[in-house]
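Each chain gets a letter, A, B and C, in the order it is written, and its residues are counted from 1.
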Amino acid sequence: MEAPARQNGAVGLSQAHVVTISDGAYQGQREDKSGPVLVTLLVGAGFEVSGPEVVPDEMERIFEAVTTAVARGVDLVVATGGTGLGPRDVTPQAMSTIFDYEVPGIGEAMRRAGADTTPMAALSRSMAGVREQTLIISVPGSPKGASESLEAVMLIVGHAIQLLHGDTSHS
Amino acid sequence: MEAPARQNGAVGLSQAHVVTISDGAYQGQREDKSGPVLVTLLVGAGFEVSGPEVVPDEMERIFEAVTTAVARGVDLVVATGGTGLGPRDVTPQAMSTIFDYEVPGIGEAMRRAGADTTPMAALSRSMAGVREQTLIISVPGSPKGASESLEAVMLIVGHAIQLLHGDTSHS
Amino acid sequence: MEAPARQNGAVGLSQAHVVTISDGAYQGQREDKSGPVLVTLLVGAGFEVSGPEVVPDEMERIFEAVTTAVARGVDLVVATGGTGLGPRDVTPQAMSTIFDYEVPGIGEAMRRAGADTTPMAALSRSMAGVREQTLIISVPGSPKGASESLEAVMLIVGHAIQLLHGDTSHS
């Protein structure tokens, strides 16, 4: 995927920030494998990438990490983890306080892609939405779930970023 | 599609109203192409159609146009435009204040149909819902996106209208 | 499907409760056919099942029936009825007050499975969500719609119950 042109005419790549949401990785009890996988995917797709920033499974910390990146003006935030059904899985609840609005088709597309591999993909609460002019995508915490979900929608991410910067000619 | 029988026993066609949501069309800076396309589709499907009524991309104006048609007792409102990710795309936000409840399967079906043509259909925030006894469908602003979305769900619209008038035998 | 092991180490089956939501069945004006069909399906899948409990199409009564079962600690509640577009179809509105959070992929999977049989499945507002550690699934009121919807997601229900009891290793 070609990096989309910046609306402001600045020369340069689109910027992405990766957030890993995991109590275990935050406390150093387990290695963050998914964050680095997402960074590699995004660099390969032409993004300038910061992170992975590791935060625990707490709504306030998730909110702070994502909104700080949005305030910095990044085009895309990808968050991995906390989309399951466990008692500490609060990422979707946090996202609903972060998003100005959801883009439901992206979550649907990620789950549909996952369903080709495993019917358990229906249990993922992966989702995407917009805050200000930043697209935010929440994917599962496993390296496989994270990479498959992002790859499933990578082709449309560049287009979404262009729309967010004001090209509404086809909306 | 046959026009569904009116619950009240009145002889006559089901009634639809078309709303075009577009700053450009409202200000006369560009022609409204999608509204007339939708009118033609609905007439062909057996509806008595009013509109297109053209309003700017403002939540209050969208609310007023749709709820006035609902108060008039039309069976169906189809709104075109404002479903993308641009800064002025506020139609889904307006719809969430208009709907008594959403019918998520219709939005899913429209996006899935669009995905056969272009993966970008995942970015459409097309949706449908109910206010009082009126079905409301929000489709993209481009003539192609508008007509493909409506055609994808036209077969079930008549059935939905019957359910809304009290035939709940299979729900 | 094998009954999932209980997190608390107790020997025994997972527990399910069936709720039939129907004015007609509640008033004895028509037989509850869907409730018994769901009980049979769940017993066959290895659940210990209570119900069907029959309640009218009223939000307070739906809320009370489901939350009482959740408080009893059942793993799964399946509610049949009230998912259509009729004036008395209030089940999804009730569920939105019951769920701590929705699991959108389960509703999507049920509608997609139904779409193979009839395009009208798009009109079903079937949905699933979680309250405390209980999975709650809302399916249509017809015996065919109820059984097809539950069967479409039965394979993943056991996995969901395991996740709800704390196995978050893959989320």
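Simple rule for what comes next: a residue touches a chain if its C-beta (ideal position, glycine included) is under 8 Å from a C-beta of that chain, and two chains touch if they have at least 3 such contacts.
Not measured: the values here are computed from a predicted model.
Asker: Quick check for you: after a Cα superposition of subunit A on subunit B, what is the rotation angle, between 0 and 180°, in steps of 5?
Answerer: Angle of rotation between the two copies: 120 degrees.
Asker: Please decide if copies subunit B and subunit C contact each other with the same set of residue positions, more than half shared, or with different positions, and reply same or different.
Answerer: Shared-number fraction below one half, so different.
Asker: Can you check how far apart subunit B and subunit C are, centre to centre, with Cα atoms defining each centre and the answer in Å?
Answerer: So the centroids are 31 Å from each other.
Asker: Going by the touch rule set out above, which residues of subunit B reach two or more other chains?
Answerer: In subunit B, residues 108 touch at least two other chains, as defined above.
Asker: Across the complex, what residues on subunit A touch subunit C?
Answerer: By the definition above, subunit A touches subunit C via 81-89, 92-93, 107-108, 111, 115, 119-125, 127, 140-142, 145.
Asker: Which residues of subunit C touch subunit A once you look at their complex with the stated criterion?
Answerer: Checking each residue of subunit C against subunit A gives 101, 103-106, 108-109, 130, 133, 135, 153, 155-156, 159-160, 163-164, 166-168, 170-171.
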